[in-house]
Amino acid sequence: MIKLLEARGVGKRFGGLTALSDVSLTINKGEVYGLIGPNGAGKTTFFNVLTGAYIPDDGEFVFNGTELPTGKPHLVVQQGIARTFQNIRLFGQLTALENVMAGHHIRTKAGLWGILMQSKHAIEEERLTTERAFELLKYVGIERFAHTICKSLSYGDQRRLEIARALASEPQLLALDEPAAGMNATETGQLKVLIEQIRHDGITVLLIEHDVKLVMGLCDRVAVLDFGKKIAEDVPAVVQKNEAVISAYLGGPKHAH
Amino acid sequence: MNELIEAVPYLGKRNPRLTKWLIIILALVAPLIAAYFGRSWMRILDFALLYMMLALGLNLVVGFAGLLDLGYIAFYAVGAYTWAFLASPHFGVHMPFWIVLPLGAAFAALAGIILGFPVLRLRGDYLAIVTLGFGEIVRIFMNNLNHPVNITNGPQGINALDSLNLFGWNLSQSLTIGDFKIHYLYLYYYFFLLCVIGSIVFIKRLQISRVGRAWAAMRDDELAAKAIGINVRNMKLLAFSLGATFGGVAGGLFGSFQGFVSPESFSLMESIAVLTMVVFGGMGNIAGAIVGALALTALPEILRNIALPVQEALFGTVILDPEVLRMLLLSLAMILMMLLRPAGLVPAHARYSRPELLKGGA
Amino acid sequence: METLLQQIVNGLVVGSVYALVALGYTMVYGILGLINFAHGEVVMIGALTALQTLLILMGVAPDMAPLLKLAIAVLVAMPVCMILGFLMERLAYRRLRGAPRLAPLITAIGMSFLLQTLAMIIWGRNYHTFPQLISTAPMQPIPGVFVTPVQVAIVIVSALVMAGLILLVTKTRLGRAMRATAENHRVAALMGVDTNAIIALTFVIGAGLAAVAGVMFASNYGIAHYAMGFMPGLKAFTAAVLGGIGNLGGAMLGGIVLGLVEAVGAGYIETMTFGFLNSSYQDIFAFVILGIVLIFRPTGLLGERVSDRA
């Protein structure tokens, strides 16, 4: 097994509140890795420090053998990590297609001069971007809304669109923050198929999810956070029976949807 | 162009081709129509084109990139004063336009970057105030840099600027072809029209490109834009400096056309006026900037011509002078537009992609 | 030395007026996250209304005691401004609460220019002399340092007004409701606070303070005109940011500090720049300070850290 991402003793505090403390974990290439825990356990915060939205107070991330820069989201994406948001964050005035095209930004190079002069290279790149974006819409199954302003898409479709946008940056690791939140059973089923497809296509997935069934069905391994600490890490079946995990969930609010 | 066609009520949707030709013809014969009403209307038309360039540039910053710049007129000032320094008797330097205009644009872009570097991390509303402050600082310097060394000639401004001389063809002298005499205001009109069309083409190309999408992305959600790998700081700087470039070019043209620059032309009210044009037409779309600039340059003048005689007739004196009318109009336009029609007069959906590039057509 | 002391005195006086205006900015910002650009214009309306009242009083009751006249003028200006503040919130800002973030700001800018234009229509473009009803005969508490009674009055009155505001906000139920609303509208509403009323009230109180500040400005400089509010408004906003926006104590501190920096700076800018810049550049200080604070310490002197949630 090849290590893709390694978190080493990551810590993050907000004033007096410790959102993450000494979290270490390793994600291997090609797996679906689950990150679960009660509300406020620090899962989203883990994403935020990983992707450079926040600067961690301690520890570091090693990705593909090199240390990730902190606090520089665009460089993290460049390295091959893409994310979605728990509370959907699309570009409201753009169509679905344009959202995905924007996601491809980092993999394109046309400069100001090329764009203003409409150089051959710029035109060709623009065409490729458009086609690739459309392919990705097909991939997540919403190509019929390609030219719809993203705000008017249904909730579930917006979530897929966010995934497509993230995929457009050609990541090796895709970090999904509660992709099934607010979805009905059918939509969740389709999402499961999509994530399996993504894994099949060679992209490693880091998944935050409250939907126990989804996590158990999809993940190769699961880590559990509670009050910012990792309290367990194993295959789903074992984690499910872990005493500490059970009491963490019983102690906090329940989440089985 | 398509946006502009759609913006034409009724006809735009029914018969886009006809509308297109109507717009083109109108743009070409506009000065003839204006001339019918008098010379002053031709000047107004020329100014409308300058304002269009400004509105297009500011729209790029405010509408595309979502950065509220209240000091935009400072870049116009930089362009105009560059012209005044390098093409007037003030320093006795008379450089040709193809040096001065690009230099003015470059200085303006530089000013944009200098201002941008420190302030672009600020939240939207803070940015607005700091840019406003920048505009005021520039104006204070223009007003006071006549001592101890006289650089700007202070509040009096600089006179007798060189007019536009296109490789030996002086635009401020009427052109005579045979018996036919073309007044210089026409020449400026068509030259400015070319500049506006050039600006539109460039801006449209930017809009439908990775850059335009990156701007729109960070305008709509900065955090998400970062999360897809957009270097937000660089993109903001780019927007700022490109917007400033348009301001700089327009400023140079203004200097050459007016023949005279003084700090008074670059007051905060002018920044606000250009912003109102952008807001009035519709933030983030090119047609909006054009329509806004045209409407808000022409409207005060029309009001001036109607309201003044009416007031004379009714009250025997002028209660609201033209300047007051203009301010009233602009401020009301800004408030009412935001309250009643925030998408602007021309709420066209700005497009950031070319769907026709898809093979299947989709 | 005397010049320095003199500049400090002048700075303190102007600063305490800035502080009053800054409070209005900071309260509105704290509760709505909106820079109410038009707040400076409320100051102007306050001054001009007071002027108008004084002119009328001088016509009707020329023998009235000057202080009484001034008091009446303030008492007229305050409700006028309060109504203005109320109307602005009610007719414009309230409708824009859910709007895209630039909309309220642009409206506020429009509002500011609209008020200036209206004032220009009502009172004309000219500078008006504002009657100096409190003596401006300079006293010399320290030889070489001049202080006028009107300056003393300004400092005392603004200190009193600010103390009153602090009491209101910290000690009363109303103040608690205001703080709760500033903290979180929804939670406050759940706790039974009528947040709309509280927001309107915040505008009204801020406008009342602005009216007082307007009279002070006009009394201090002896003039009033339609554009007199804009620059002080911007400076007061700078003061609010300097102190930490949303923080009442910060607004006061920021006002005083800004007043001092400006006055002392204006006195020394010529020597500092070897005669290149002179006191006509005084207005630059506020903007430079604003820029520096926002870049290096956006939370201001007393502000708390706030971060955008990802």
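Per-chain numbering from 1; labels A, B and C assigned in written order.
Operating definition for what follows: a residue touches a chain if its C-beta (ideal position, glycine included) is under 8 Å from a C-beta of that chain, and two chains touch if they have at least 3 such contacts.
Here's who's who by UniProt: A, B = ABC transporter ATP-binding protein; C = Branched-chain amino acid ABC transporter permease.
Model, not experiment: these values are computed from the prediction.
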Distance-maximising chain from chain C - centres being C-alpha averages: A
Most central chain, Cα average position: B
Chain centre separation in whole Å, for chain B relative to chain A (CA means): 42
Between chain C and chain B, distance of the C-alpha-averaged centres to the nearest whole Å: 34
Mean-CA-position distance for chain C and chain A (Å): 48
Contacts with two or more other chains, residues of chain C listed in rising order: 310
Junction residues of chain B - those touching two or more other chains: 223
Residues of chain A touching at least two other chains: 53, 85
Chain B to chain A touching residues, read off their complex: 202, 205-206, 208-211, 213-214, 216-217, 219-221, 223-232, 238, 284, 349-355, 357-359, 362
For the chain B and chain C complex, residues of the former touching the latter: 62, 66, 68, 70, 118-119, 121-122, 124-126, 128-130, 132-134, 136-137, 140, 143-144, 147-148, 223, 269, 272, 275-276, 279, 283, 319-320, 324, 327-328, 330-335, 338-339, 342
Complex interface listing, chain C residues touching chain B: 33-35, 92, 95-96, 99-107, 109-114, 116-117, 120-121, 234, 237-238, 241, 275-278, 280-281, 283-284, 286-288, 290-291, 294-295, 298, 308, 310
Partner chain B, residues of chain A touching it in the complex: 51-53, 73-74, 77-78, 82-83, 85, 89-95, 97-98, 101-106, 108, 110, 112, 115-116, 118, 122, 125-127, 129-131, 133-134, 143, 146-147, 149, 165-166, 168-169
